[in-house]
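I've put the structures underneath this note.
Two complexes are shown next, each including chain A; its partner changes from chain B in the first to chain C in the second.
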Partner chain A sequence: MRLELGNIFIKNVKFGESTKIEDSILHINKEELLAAVGGDEHIKSIDVELAHPGEEIRITPVKDVIEPRVKVEGPGGIFPGMLSKVDTVGTGRTHALKNIAVVTAGKIVGFQEGIIDMTGPGAEYTPFSKLHNIVVVAEPADGIKQHEHEAAVRTIGLKAAQFLGEFAKNIEPDEVKYYETEPLLESVAKYPDLPKVGYVYMLQTQGLLHDTYVYGVDAKKIVPTLLYPTETMDGAIVSGNCVSACDKNPTYVHQNNSIIEDLYEKHGKEINFVGVIITNENVYLADKERSSNWTAKLTRYLGLDGVIVSQEGFGNPDTDLIMNCKKIENEGIKTVIVTDEYAGRDGASQSLADADAKADAVVTNGNANEVIVLPPMKKIIGSTEYVDVIAGGFDGSLRTDGSIEVEIQAITGATNETGFVKLSSKGY
Partner chain B sequence: MSKKRVVHYINQFFAGIGGEEKADIKPEVREEVVGPGMAFSTSLKEEAEIVATIICGDSYFNENVEEAKAEIMEMVKKYQPDLFIAGPAFNAGRYGVACGTIAKAVQDELGIDVITGMYTENPGADMYKKSVYIIETGNSAAAMRKAVPDMTKFALKLLKGEEIGAPEEDKYMSRGIRRNYFAEEQGSKRAVNMLIKKLKGEEYITEYPMPDFDRVEANAAVKDITKAKIALVTSGGTVPKGNPDKIESSSASKYGKYDISNFTDLTEADHETAHGGYDPVYANQDSDRVLPVDVLRDLEKEGAIGELHNYFYTTVGNGTSVASSKAFAAEFAKELIADGVQAVILTST
Partner chain C sequence: MKSIIITNNPKVLKNYEDKYKVIFLEGSYLEVLTTTRDLVHKGHELLTHPLSGSIKPNETPYKSIMISQNKEKLNMESLMIIEDSIVTATKFINIKKTPSWPEKVLEDFKEIDYTLITSGMDSIEG
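And then the complex of A and B:
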């Protein structure tokens, strides 16, 4: 499976008369965008605002972050099973609008939505402060339940990204990257001397607002299975998560998974990257056992020599992470796990809810309990009225001057467990 | 600027008094530089001076810990030092334990900065590395030439109030305190590089060494459940409506204790959850789903259990550190025992 990814680097985003991309600037006609995403009976009102890097803007509570992309050649469309039909994606050509994202915000769904500061210390912690963000603020109709609210806002975000992505179809990309994964036997024949490496991609599926969708299927209901890595680049995996902001994978991260990117970088040179095994993080013990058994079974079946496992979320999924690691290592396969830590505000507590001696190669993306003070911002998109109750906030988090004292847990993407960030932690 | 004041602690051997046969000498203080103190004194130069040396036999210290500690603390107090240096003890076990014990006491009770030094396998290292800064040394006095500069460098950092770096930079044993920093490369790149090293059999450093995991053995069964007083405890966040104590939705800093003596059933009108880790719709419709008061009242009526305790204890498990959870439980377990509770049903979500 071979995908050409055409990257179009956008320098600025502005509201304008018509929606178009000209001289690397994205112009958006607000009415057109609102018309494309509106119409859901669960939503009372939608507005769109822009937030640029360096501006004194705070966006909260953030639900999802999505990169606009469009399928230019090859079967299927972006977000298969969600917005497009369920053709297998990942081949042909796709265009991506880089340096920008659709961010969904508005009244809080649960407790676990995040903060994106576009400047200041908080901006250092979120990878999304470097993007020109098109923020869709959607307010729910009165009386709807949280899961209906989440589903409605999720779809609005995807639609907005799809709508904007369409304008990239006929633009000549600034850069074209090629990603290719051959069928297993051909790949092994082509690189007989390279170690065979796979990526075990754990998807958040604890349920009750902690969900991920694969080709439209709720990933709670899958058994571990295989994807070509390029399928993820066409939006095969979509976030439906209200899990803590710091370590959930927004859809943007699924589209731009940097473990996949970095494995491709070494593919054909130092390793043979043969594919992705997706698995879930269900809450029932039998599900955990079954999924980790199957993950280990598939790694062996593929004849892998090495595996990277990434986690999403924390606490309960720590057990899935350790089960996966232990069972894959027991197959004689070298394993590296990628996680983050909850070591307490003082950093002195045990970092994970589970442990095993086999987990001897760990990459950590930081201690989510570390506290930060975010200075007041000139403009708030959304509302800061929820920061005392979001995950990572506490009574008194929001101070009278508008500054916020929170754990970095509340910052979108701060400790992302696909290693999308540079934050890490050390023992002192 | 006046020199900073240092008190140095050593054992009878390093004071040149004698070996094992003199290990039972009681603490004594000399207002001079003794033994390894010479080397410290030279390398501390103009910055600090050793104002007193306390000498104690290893056997005396370890066999009379409380008395020895009290006597030595009095001596230290008298000199009002800015820093207390113990050892280095290298691989001498009892000396290492003495250095760790007295350093911790001086630090905790007198609020004075302390350092000690020892070999990584010294039993004192495992006992005290989480409490005090222990500089890693070689395993015998032959390593003094390296130990003194390492300890001095660290001592000066403490005296000047400079920030302590990572263990490998400043040569001390990790206390297990996790601190964030921005790495040069993204986590994904570090993961791929680590995997390639692991595949090649090359050395790599895990970023999070696995801890000795604290597993709790189940208690023996309650002998006669029909007579037992049972309490409900939950990490599912059930609280009286309005969350009166404002327990956090994640990373809870507190727990609540609430009276249920007047409840046979929890309803939407009186209870809800503060937990931020799950969709609260079903828990809020009927809090018995998380904290089964209704069922326990039935069992109480049927005589299947003795009685339901009048209070329940609750917190939010979501993202709450193990240390906080342990501290909460250690506190309220005492109350439960004092209230005659024989069994607890602990519900999670």
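And then the complex of A and C:
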């Protein structure tokens, strides 16, 4: 499976008379965008605002971040099973609008978290502060249930990204990257001397506000299975996860997974990157046992020499992570786990809720309990009404001058467990 | 598998008391965990993960956990998981106490906890 990814670097985003891309500037006719995403009976009103890097803007609570993309050649369309039909994606050509994102904001439940500061110390912790953000704020109709609200806002975000992506279809990309994964036997024949490496991609899947979708399927209902890595680049995996802002994977991260990018970088040179095994993180312990048994079974079946496992979220996924690691190691396969830590404010406490001696190669993406003071911003998109009570906030978090003292777990993407972060890990 | 729900969430009690044996506690998140631990010591098996959901233990006041109705000899894996969960929850609660929430937010937390335990049941019942 081979995908050409045409990257179009956008320098600025402006509202204008018509929606178009001209001289690397995206002009958006707000009415056209609203018409493309509107119409859901569960939503009373939708507004769109722009937030540029360096502006004194705080976006909160952030639900999802999505990169506009469009399928130019090859089967299927962006976000298969959600907006497009369920054709297998990941081949042909796709265009991506870089440096911009659709951000969905607004509270779905009272304690919802997720802060993107576009400037100041908080901006240093989130990769999304460097993007020109098209922020969609949707107000729910009266009396709708939380799950209807979540589904409506999720779809509005995807539709906005699809609508904007369409304008990239006939633009000549600034850069074209090629990603190719051959069927397993061909790949092994082609690189007989390279170690075979796979990626076990754990998806948060527990229920309301904790779900992820693969080709439209609620991933808590899957057993672990294989994807070509390029399928993720066409939006095969979509986030419905609104909880644990710092270490959930927004859709943007699924589209731009940095572990997949880095494995492709080394593919055919140092390693043979043979594919992705997706698995879930369920509530029921028997599901955790079954899924980790299956990931281990698949790694062995593929004849892998090494595996990288990434986690999503906090707490019980630590158990899935350790089960995956232990069982894959027990197959004789070298395993590296990628996670983050809740090690207390001083960083000295035990980091994970589970552990095993086999987990002897660990990459951390930061301590989510670390405290930061976010200075006041001139403009708030969304609401800071509940900052006192979001994860990582505490009584008195929101000060009278508008500054916020919080743990970095409140910042969207601060300790993302695929390494899509601003923090870095050092070995000593 | 026949199971028992240990919960401090009135919504879980209301929706499942006819179908399951429910141990309802008028207590804290941590008390649900320690009550579960005591039952694990008596030979019940843990069926759902005590830290289900990525909502932090010092954020939500509600917790529901399923254990087996059958008692066998002590299940070490269950014990390790519940003990590690108590350590993690205590760590968070020592950093800051769960806030006093407005009623509307409490309703949201009840709903989330209820859907998480329901997703566990869906797995059991297939």
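What we mean here is this: the second predicted complex is superposed on the first by the 419 of 428 C-alpha atoms of A that agree within 3 Å, B and C clash if a C-alpha of one lies under 4 Å from a C-alpha of the other, contacts with A are read in each partner's own complex, and residues count from 1 in each chain.
Criterion: contacts are C-beta pairs under 8 Å (C-beta built on N, C-alpha and C of every residue); 3 or more make two chains touch, one makes a residue touch a chain.
On a predicted model such as this, the values are computed, not experimentally measured, just so you know.
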Inset, instruction - Sticking to the clash and touch definitions up top, decide whether chain B and chain C on chain A clash or fit. - result: clash
Inset, instruction - Based on the superposed arrangement, let me know which partner A:Q204 touches: chain B (first), chain C (second), both, or neither? - result: second
Inset, instruction - Check whether A:T319 is in contact with chain B, with chain C, with both or with neither, and answer first, second, both or neither. - result: second
Inset, instruction - Spot which of chain B and chain C makes contact with more residues of chain A, would you? - result: B
Inset, instruction - Answer with first, second, both or neither: which of chain B and chain C does A:V274 touch in the superposed model? - result: neither
Legend entry - chain B versus chain C as contact partner of A:L285, first or second or both or neither: second
Inset, instruction - Would you check which partner chain A:L164 touches, where first means chain B only, second means chain C only, and both and neither mean what they say? - result: neither
Inset, instruction - Please work out whether A:K248 is in contact with chain B alone, chain C alone, both, or neither, and reply first, second, both or neither. - result: second
Inset, instruction - Answer with first, second, both or neither: which of chain B and chain C does A:H147 touch in the superposed model? - result: both
Legend entry - chain B versus chain C as contact partner of A:G110, first or second or both or neither: both
Inset, instruction - Determine, under the contact definition given at the top, whether A:A101 touches first (chain B), second (chain C), both, or neither. - result: neither
Legend entry - Residues of chain A that lie at the interface with chain B and also at the interface with chain C: 110-111, 146-147, 206-210, 243-244, 314-315, 342, 344-345, 349-350, 353-355, 369, 389-392, 394-395, 409
Legend entry - Touch list for chain B against partner chain A, complex: 164, 166-167, 174-192, 194-196, 198-199, 204, 206-211, 213-214, 246, 248-251, 253, 275-282, 317-319, 321-324
Legend entry - In the complex with chain B, residue positions of chain A that touch it: 110-112, 124, 145-147, 195, 197, 206-210, 242-244, 257-259, 261-263, 265-266, 270-271, 305-308, 310, 314-315, 334, 336, 338-339, 341-357, 359-370, 389-395, 407-409, 416-428
Inset, instruction - Write out the stretch or stretches of chain A touching chain C in their complex. - result: 109-111, 146-147, 204, 206-210, 220, 241, 243-244, 247-248, 282-288, 313-319, 342, 344-345, 349-350, 353-355, 369, 386, 388-392, 394-395, 409
Inset, instruction - Using the touch definition up top, name the residues of chain C that touch chain A in the complex. - result: 46-57, 59-60, 66, 81, 84-85, 87-88, 91-92, 95-96, 99, 101-102, 104-105, 108-109, 111-112, 115-120, 123-124
